[in-house]
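Each of the two complexes below includes chain A, the first together with chain B, the second together with chain C.
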Partner chain A sequence: MAEPALIDIRNLTVGFRARSGALLPVLRNVDLQVCRGESLGIVGESGSGKSTLALAAMGFLKRGLQRMGGQVLFNGDDMFDRTRKQLEAIRGGQLGVVPQNSGQSLTPTLRIGTQMREALRLHCTLPEAEHEARVINLLSQVRLPDPSTIMQRYPHELSGGQQQRVAIAMALAGEPDALLLDEPTTGLDVTTQAHILELLRELARTRNMAMVYVSHDLGVIARVCEKVQVLYAGEVVLEGPTRHVLTDPLHPYARGLLASIPRLGETHLPVALDGRPPTPGKTGSGCAFAPRCVLANDQCRSKRPPLITSAHGEVTRCFYPEKTGQIATIGSGTDPVHHDACGDTALTLRDLSISYARSGLIERLFPPAVPTVPTVDGISIILAKGETLGLVGESGSGKSTILKSIAGLLPPSGGQILMGADTPLTPNVERRRPDQLRCIQMVFQNPDESLNPRQSVLEILSQPLRLYFNLRGRALQDRAVELLETVRLGSHYLDRRPEQLSGGEKQRVAVARAFAANPEIVLCDEITSALDVSVQAAVLELLNDLKKSMDTTYIFVSHDLTVVRALSDRVAVLYQGRICEVGPAAAVYGSPSHPYTDILLNAVLEPDPDVAPKLMAEDVVELAPPACGCPFQRRCPRKLDSVCETDTPPSQTGADGHVVRCHIPLNEL
Partner chain B sequence: MVHTPHPDKGLDEGIKLGLGSESDPALTRTGPADMTSLLLRRLALGLVTIWIVSVIIFLGVEALPGDACTAVLERDAQGEVLAKCRDDLGLNAPALTRYADWAVGVLHGDFGMSANGLQSISELVGYRVRNSLLLAAGALSVGIPLAIFLGTVAGLWRDKPIDLLFSTGAIFAMTIPDFVSATILILIFAIWLGWVPAIVITPADAPPLDFFPEFVLAAVVLTLVMIAHIMRMVRSSVIEVMATDYVQMATLKGVPYWRIVLTHALPNALLPAINVIALTIAWLLGGVVVVEVVFNYPGLGRMLVDAVSDRDLPVIQAITLIVAATYVGVNLVADILAMMLNPRLRTHQTRRQ
Partner chain C sequence: MTEVSPITAPAQSRLQRVLTTLQEVVRLPSGSIGLTLVTLHIVLALISPLIVPYDFKEMNSAIILADPSAAHWLGTDHLGRDVMTRVLLGGREALIVTGIATPAALIWGGLTGVLLGLRGGWLDEVVMRLVDAFLALPGVLPLLVLVTVFGTGNDVLIPTLAFFFGIPVIRVARAATHEVVARDFISAARARGHSQLTIVRRELMPNVLDTMMVEGAMRWSWMLLGFSALSFLGFGVSPPTPDWGLMIADARVYMSLAPWGVLGPVVALSSLIIGINLTADALAKTLGLDRSRKAVV
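And then the complex of A and B:
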């Protein structure tokens, strides 16, 4: 390289002192170089040390971590040797950072304007009088509407996408030479994510910045990075140009990771990567990935492989890079079980509407002039036994609200929920009879919050067994073990507590708890979104197996269109609590489709450097549906004239019960 | 169709949708009208609480054997004398009438006459309230800033010697009963060193300045107990806030350490302390019986104890009501303050989650 690297990390080892007193490394001999104008992606599962590496580039280590060796050079000088004053000048100045969760990274008691001005005061030479104008300029650079109003707001008054933009604007305030992005779009909607990444690409191009992206999402990396580094158990296992790494990587781990990603065009389930990464200090003397590697032999288990440079400039830590071609990179795992919609009816939603607005005493005495529009409205779906319905939509589209209502946690304000074709379900969960409760079980998004941390797995599983089947003693224990085996966990998990389980294991326990009730319908609320892709694939496989053996009906909610794709028989696309399109998965994901579905599908990032997302509408956030007309009228790129504003779009039925609610005729969509 | 995002377009669309403008459907800012109605509702609730307390107090006193006359007349409480006394004090009227009379009087600031029928309770209690306020003000003015300072220092230097010192000290101050620490302080500062008088001998109705320096030791004892509580609260809150993402972000933004502490961390760390401070203030204003007795300080607490031993029922009623009202009032102020200082409470979001 002609130009010296701007960020140059050499042989960095970072560790923490365990209770035993030993120093356990979380990063091992990591090298990383980024020049001006370059963008590097760092990928890995949770716990791989990727965030630690990014923060170490700023000379910052989280409490408890310490540098055990190596250098972190920025502009030629070691960040860890600088004084606090020098660090304060570089951080936020030449070296900017965009945090993962901007909602929590903005100080809640300070207005956006105050926080922006603080960044300017610290890092730019402009006179104080021009700061106001500069803040407005920065906020409009990241395309925030109405910057002067945003400045008056507190962080909690902005949407997730807006908070992320503010964080980017703040990082730009110091005119940085390099930007570190720690999962900059995780947790955002696909459409918002696509827009933010476009913005970052453009900024990198115009400002010639060096960028380091940390992400678990290979789709994001594919879109914005030229080079990729794959971290596993704290060490670099693969490094190379994005195109190679994403199409034909020379490391089994990277191949397994690619295969575990669900893809839009793939009707098979992704292939799970079995096992879990070693914990710090337990990496052994051989290759850290050997226990999970299908190609591993005795040499791999006993000796740590060196980094080998391949012909196309890829660097891999594997003894047999030439053999890795045997592992497929596109997961075509199990063929999912599909059911058609004509079997016995399991659940009927008839014109369901749900309203969050609770009428208090004052509202009842003085009813508002304009009646509030319900959050969810006009949902009519008939689910057949064994069928899987996917509900997709951006955050705030009412997906989870519908699940809560079916579960009885949020009584509907109108319409009916029927068990089968004609047995009405009591709207309020407290008044449901045990047999009604047993039929419908729910698995929540975050197993950390849905499993009681003080209960052992046995206690967690025995609650439904005792309640619905009156099992006691030996019988209860046997059934609990059986359940654990169906979710592929052994009986030795019985007396563990949630904190002793990994994220994937916790979610399996949550699934086992739901199945303990022998339910007819299982409601899955974003159950894989808190998990790593490799684990996600395993959970999807598990759900598919259970569906095969128990004929369970699922309602599967996710904001990730690719996850819904593989598992669902039918998919319903929701916008603002209204169904835009519903039909067999193949039909919804194919064409013709509703303009909103198009937008969602086009914003999906696939781990393929040749596919660019097509951004068709602004990622504005709407929080209330329009009073009349089409719910999507304000964002629709193909809006007709006033008819969309005044008339509820008609349901147009195509083949196989594919329904699109749009004013545009089906054959023109 | 590939849409290249363009800044102006985004701006236009945003404005068209009302995004970011005041009519934003996304975020309903609680306007001044909502704020006022919220305050009025809290105030109304507070008044209802005080009313319920007054009924309970009245019924409690009613349930006790005997009444004001039997208390005053003691052994003479029989026959005609007793009947006449009851007639004079209006004790023969039905309970409801007597409650109504009492309540109306209280609303006018008239708590009636003390049991011996010689002094107006309002006047007696008035001085005591002032004295209690004086003592509380002395303790609070030193205690709160000191507690916040010590708590912050302990939190920032968590697990360092200075934290261990402060935290251990706080545990001592909390666990040693106040009459013990009071006695020790009297022994050291009043008897051995002779710096301040051991007890207060100034009469209750003396001008405020006369209590100085007699009330210093009493104030110090109260300060000690109070600091311990608030300090521990502030310490854990500071530790929690210093570990948040926004403090880490401020560090990575290059904000100097002390600026982070003062502008990013402390305002957030002190929010939960407000309610603890409020409870402490309420306790100081009404409940420091032991300290007042030890130092012979003529405050509200000691008056209550005296009234109980004299079976002076009207005075007991008056003081309990004042203490209850103080608790309600201070907590109301604390809630309002917390709401004003916490933007998340002040402007609440009606975003569906």
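And then the complex of A and C:
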């Protein structure tokens, strides 16, 4: 490298002092170099230290953490030696930062223009009079439409994607030489994510900045980075050009990680990575990954492997990089159990519509002239016993709303929910019969929220067991152990509290609680989105096993199209609470017909540097669904004429049994 | 509840949890200082009748307003009574009254708050506006009115204090309930079809309890101040019973001549209140309820 690195981290070790008084490292001997015009990705699962590393690059450590050794050089000077004043000048100036959740990092009470001008006052040499023009210029650089209107808005008036763009514009305010991005697109919809990444690629090209991306998503890294570092238990285990790292990495962990990612083209389930990463201070003297590695031998367990540079410039912390080829990188694990939709009916949704608008006293006395458009409308689906229905759509598409309604937590405003083919369910959960309640169980998105932190695992599992089966004492405990074993946790978990479990273990307990009721239908609301990919694969496998042994019917909601693909027999694509397309998974994913499905599938990022997402429509914000016509009319790239605005699209049934709601004739789609 | 919990482990672990919480509180500087002060006061209140050197009523006209000496460590008051003796005994009444009234305030305020937070609707609106209206009044005023009407015995003071100091608790309990009710484990319990009572008892209460503990400690210190203020104004303990508030009221006239008569009870009262506040602070930190700390981590 001719040019000296702009961000140069050398042998950095960061730790925190434990209760026992010992210093436990969270980053161990990390080296990181990024030059101008380069982009480096830092990949790792939660707890791997990736965010700590990114913050350390700014010379910042979270409270409780301390530097135990090493240097963090920016432009040749150590960030930790600088005074507060100097740091303030660099941060946000030469070194821009884009945080993960910009919705939370923007001040809610200040207009966008005011916040942007504040950033300019601190880091811009232009005279104050020109700041306004500069703000408009920055906002248009991040391709926000109509910057002068955006300036007048408050953060909450912008969509997630727009907020992220504002955060990027703000990071660019100081004309930075380097940009740190901490999970810049996590939490955004796939289509928005694709647009933001495209924007960042372009910025990197035109501005010759050094960029550091922190992400757990290998698809994102594949899209925007030339080099990748893989962190595991606080140390760099692999570093190299993106193409090598994502196609044929020389470290067992990276290979396992790749295999655990579900992919669009794969009909098998991904393979889970067994075990969990060591907690700080528990890494032992050998290789940190050895306990989970299939290749591990005694040498791996006793000695820490050095970094070895391979022929094509990959650096790996493994004794046997040549042997890693034995581990597959594409997960073709268990074949998912598929069920055809011709058995008995488990659940029927008949023309379901749900409205969030509360009819208060004023609305009742003075009904609005135009009736409110329901959030979810016209959902009619018949679910066969043992079938898995995937519901996909972007945030706000009403997927979770439908689940809540089926569970009785949100009474629908119209239509019917029927158990089987003909037993109507009362909309309100309080009035349902116990056996009806037992039949439908729900697993929530985030186990931290859905498990009571004050209850032990036994108490959590005993709630449904006591309620539905009136189990007590010994019988209760035995059944709880049995349930724990079905989700592959042992009886020693009974006394633990949620805080003592890892994310994946918590979600298993939540699944066990749902299955404690011997349910016929299990509603899964984004149940893997709060989990790491390797853990996600394990949960998917678990659901598949349970389906095999208990013949459960699932409704599986996710924004992640690859996850839905892995498990579903049938998929329904939702847009703004209306079904665009529904059909057998293979048909929907194989020959997508609705323009929206096309857009969604094209925006999916896979960990493959050669596949670029196709951006077909702008990521416009829409607040309410249109009152009439096709729900997708405003974003549709293939919109016909006025017919799309006035008439509800007809249902067209294709040969492979899948239904598309679109005005364009089926053979032209 | 008729059913007996078949689980033996959690009962033990609950005790363990209390013990570990206590350990963590003590580990914090504020916790160790605070708990030491509070424990010291409670122990002194318990054993003071056995260790005081004089009778608290015993007057001696020969040594009125005497300076501290070997015989009278804190001097004597305007009636020649030993200040040290009276300071040592002066917290007993306050601790007994607030010791009963604080839990009572927590229970009635807490239960009302939780129920309002759960139920919402017009009742919630009405009660909360009443609470707002009450909180706008200066604290001692309504107390004085009630005490003037009903007299000053402990049988009046305890329910009065419990009632008035329970009102702010409603607000805190309601807010804590709102926070918990929004979480998915409550939805999960509702979707399973548990009764409202079970949800409150099993899912909600254990999560509100931490907040209530900290709130309880804070209320206790406020109530001590309130009680002493009443005594100071002559509505609390009746003479000659020694009480800090009353002693301050009596001695403040002679402050320039015998400062110890005021300083003694002031130091005693403030050290107890500071102790309680420090403990509450440490407890909040340990239980993760400290907002400023939450924002950083």
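Please note the rule applied: the second predicted complex is superposed on the first by the 667 of 669 C-alpha atoms of A that agree within 3 Å, B and C clash if a C-alpha of one lies under 4 Å from a C-alpha of the other, contacts with A are read in each partner's own complex, and residues count from 1 in each chain.
Throughout what follows, contacts are C-beta pairs under 8 Å (C-beta built on N, C-alpha and C of every residue); 3 or more make two chains touch, one makes a residue touch a chain.
Note that this is a predicted model, so its numbers are computed, not measured.
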So, after the overlay on chain A, do chain B and chain C clash or fit? They clash
| query | Between chain B (first) and chain C (second), which does A:88 come into contact with in this model arrangement: first, second, both, or neither? | reply | first
Requested in this report: Mind working out whether A:390 is in touch with chain B, chain C, both or neither, as first, second, both or neither?
Outcome: neither
Between chain B (first) and chain C (second), which does A:47 come into contact with in this model arrangement: first, second, both, or neither?
neither
* Asked: Who does A:63 touch here: chain B (first), chain C (second), both, or neither?
  -> both
In this superposition, the partner of chain A with more touched residues, chain B or chain C, is B
Please work out whether A:459 is in contact with chain B alone, chain C alone, both, or neither, and reply first, second, both or neither. second
>> Touch test for A:432: chain B only (first), chain C only (second), both, or neither?
In response: second
>> I'd like to know which partner A:449 touches here: chain B for first, chain C for second, both or neither.
In response: second
So the chain A residues that chain B and chain C both touch are 62-63
Note: in the complex, chain A contacts chain B through residues 55, 58, 60, 62-63, 84, 87-93, 97, 99, 101, 104-111, 118-119, 122-123, 140-141, 143-146, 149-150, 153-154, 156-157, 159, 167, 170, 174, 195, 198-199, 356, 362, 375, 396, 401, 612, 614-618, 620-624, 634, 637
Residue set of chain B touching chain A in the complex reads 1-5, 7, 9-11, 13-17, 19-22, 25-27, 29, 37, 243-246, 248-257, 263-264, 267-268, 271, 341-344, 347, 349, 351-352
Chain A partner, complex, touching residues on chain C are 3, 6-7, 9-10, 13, 183-185, 187-194, 202-203, 206-207, 296-297
Counting only contacts in the complex, chain A reaches chain C at residues 62-64, 404, 407-409, 429-430, 432, 434, 437, 440-442, 444-446, 449-456, 458-459, 462-464, 466-468, 472-474, 476-477, 494-495, 513, 517
